[in-house]
Amino acid sequence: MDDATETRDQAWERRTELPLFYASLLFLAGYTVSVVAYRAHPLWRDIGLGVVVLTWACFIVDYLARLILSRMRPLRFVRVHWLDTLIVMLPLLRPLRMVKVHDAIEARHNRPRRNLYARVMSYAGLSAGLLGFAGALGVHHFERQAPGASILTLGDAVWWVCETLTTVGYGDMAPVTPGGRIIAGFLMAGGLALLGAVTGSFSSWMLQAFRREDEETPGK
Amino acid sequence: MDDATETRDQAWERRTELPLFYASLLFLAGYTVSVVAYRAHPLWRDIGLGVVVLTWACFIVDYLARLILSRMRPLRFVRVHWLDTLIVMLPLLRPLRMVKVHDAIEARHNRPRRNLYARVMSYAGLSAGLLGFAGALGVHHFERQAPGASILTLGDAVWWVCETLTTVGYGDMAPVTPGGRIIAGFLMAGGLALLGAVTGSFSSWMLQAFRREDEETPGK
Amino acid sequence: MDDATETRDQAWERRTELPLFYASLLFLAGYTVSVVAYRAHPLWRDIGLGVVVLTWACFIVDYLARLILSRMRPLRFVRVHWLDTLIVMLPLLRPLRMVKVHDAIEARHNRPRRNLYARVMSYAGLSAGLLGFAGALGVHHFERQAPGASILTLGDAVWWVCETLTTVGYGDMAPVTPGGRIIAGFLMAGGLALLGAVTGSFSSWMLQAFRREDEETPGK
Amino acid sequence: MDDATETRDQAWERRTELPLFYASLLFLAGYTVSVVAYRAHPLWRDIGLGVVVLTWACFIVDYLARLILSRMRPLRFVRVHWLDTLIVMLPLLRPLRMVKVHDAIEARHNRPRRNLYARVMSYAGLSAGLLGFAGALGVHHFERQAPGASILTLGDAVWWVCETLTTVGYGDMAPVTPGGRIIAGFLMAGGLALLGAVTGSFSSWMLQAFRREDEETPGK
């Protein structure tokens, strides 16, 4: 990336990437507090909601700034950047942008790039983890007061997400509300693809490691 | 595809592909109505069944037309086009022909072809989705009045299909009738292979994306 | 395969392959009858057991004949042909030799070889199917009279195998006896690897089909 | 591996690898006895604990010896050898070092290297098996006295690990304590990746076998 050829929206993106990443962690924390604290002192919930609203506002400002800097017509911008449009509406999906954050962090530390498989594994694994946590919050939100629900606490929801993303599915817990099931459906689809990428890369990485070892000891 | 060298059955296939696709959506809608409306006013069921019969007749006419245009002996045609023969007997399997529809739509819009992995993902994902919906209808049809059934509504059946195709299998719902279990068996076999193709392609696509990025920034 | 260079044990193997395959189907049928008919007229069970004993004797004779024709020392033969040794002790595992039968049938019909992926899919799929059926028989054998068992009939056992090999695992049925669980463990390990080969080959085959289509229509 | 160029820490590693492997089997046996024998005569538990403590001491001595021989600063050594650091704190994870033991055994027997896929399969399979057994012990340790637990004996825990690593997850057993669930989470993540490597290698190996066969019989 040469600064001379960098357009204004690329420069904006490069500079805002890390602050927005911390904002999305804040968003997640605020949402967690507001979901978990529904029976605690209302102050906590208010703090949580305040953080959620503030960080969400940042995301919208960033989206609009990029829309203006790109000089595209709005409809075209929405179509080209559909993933960003979806994310600005559902900030819980922000983990899916992890890959750029990842690169931004590595670029700042000026580290050499790691092995291809290791990078895919770390990116897909982290995204799946964050997406899973966001899904646990969402499902907990819907299920916590449903009659006959088996997912009662946030801890239960996290355990349920572990079961689900690994496709083990013991069935000691399962969503019973339509809202929880819809979130579960998207979580399965997205998370499975990401975890499949982790498993596949691990397998390829292992084969590569064994193959390299063969080449290094040809006399054997 | 050059029109000059196109045989008569190819021309037939090219022209009927899209109308037949819409007919198969109609078939699915009609079947849905006839399955869901079993306790509603009989008029609804009759409309549903009427649509089913009419669209099925279209499929049979198309099959016979292609049989005649191909100038093969009937037995040979059945053997060569065994998938089409199966589909004309069980129109719920039509989603498996999605790939040709897909190409027909793209050709009409004259769009450039997308990335190989993206196409496999969208084709296999759509087929799995439609096949899953058809399976949900079929299982609901068998289970809705069985004693001790856990799949009671169409919504339950759709949730059960999500669980099954992703191999999570909580076990909060499972078919109990022989008919439902046979459909479930075929759904598992077919759907898993299709979803495996989606996951595998996603994994390859991700590796490709990371690799390309490496090549574009060689100085890093 | 040139007859001139064929050794005596290869000739034996080539000639006995198909008869032994039919014998193994007979073995499976006999075992099925003897397992299912435990509450029926004892005559059935006796017929089933008779067929089992007779076909097993054939397998042992074949094993000994190959041991002699190979002119190896017995211990070395056992070590080299460990899979055959295992199969002669547990004839239910015979499906794993399907690949040679498959080739024998194709060679006899003098058909051209099919696509690589299609062959892997059909071999692994058939082996998984037969292994699964053998596993269902074995588990039914152990579970049919266990207190608290959920697998009560052979139909239940077959449904349970479907759930297990696809890793869905609803949990409406699960083995409770140590014997049944040991069989289940081996079935999971073997069947999953075989079904993974089916899914992986299907995925590769699909990618190949889409890629070839691209090459055939370069002008698009 | 040329002895002349071997550094002192490599020589140490080569010589201690096998004794330490046997020590880790002893560790596992001791831990098994101490976990299983909690209701038996206290002497058994004391023997088990004694073996655990002794072998653990060996691991620590080995770690310190390598730290000194490497002539690195301690913090750097910890960072470079993070997996070894983790293993010396949690010796149940020792199976993950299997790959070096594997090579050490093969080198001693002076056998030619086997097929790449076969080696990945055997390494990943063995690691998954040992890791699974260690996980079963750990989960049993947490669950054996929890109220409402479904995993009651070590046999149950082993069966539960089989279900979990293959992602079947019937749900007849599932951990209920936070400790058991945390172990289960790590077991799922690690074991699935390892078993995915087994399945993937098996699939590749099968394709390779079929492809080679094609090349050997070109006249067919």
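Some notes on this structure:
So that you can tell them apart, the chains are marked A, B, C and D in the order they are listed, and the count of residues begins at 1 in each.
Just so we're on the same page, a contact is a pair of C-beta atoms (placed from the backbone, for glycine too) under 8 Å apart; a residue touches a chain by one contact, two chains touch by 3 or more.
Quantities reported herein were computed from a predicted structural model and do not represent experimental measurements.
A rotation of 90 degrees, rounded to the nearest 5, superposes the Cα atoms of chain C on chain D.
In summary, the pair chain A and chain B forms a contact in which the copies contribute largely different residue numbers, shared numbers making up under half of all those used. Taking the mean of the C-alpha atoms as each chain's centre, chain A and chain B sit 31 Å apart.
Once the centre of each chain is set as its mean CA position, chain A and chain C turn out to be 44 Å apart.
Contact of a single residue of chain B with at least two other chains is seen at positions 163, 167-171, 200. Residues of chain D touching chain C in their complex: 155, 159, 162-163, 166-172, 195, 198-200, 202-204, 206-207, 210-211, 213-214, 217, 220. Only residues 167-171 of chain C touch chain A when the two sit together in their complex.
Against chain C, in their complex, chain B makes its touches with residues 1, 103, 107, 113, 116-117, 119-120, 123-124, 163-164, 167-171, 173-174, 176, 178, 181, 184-185, 188-189, 192-193, 196-197, 200-201, 204.
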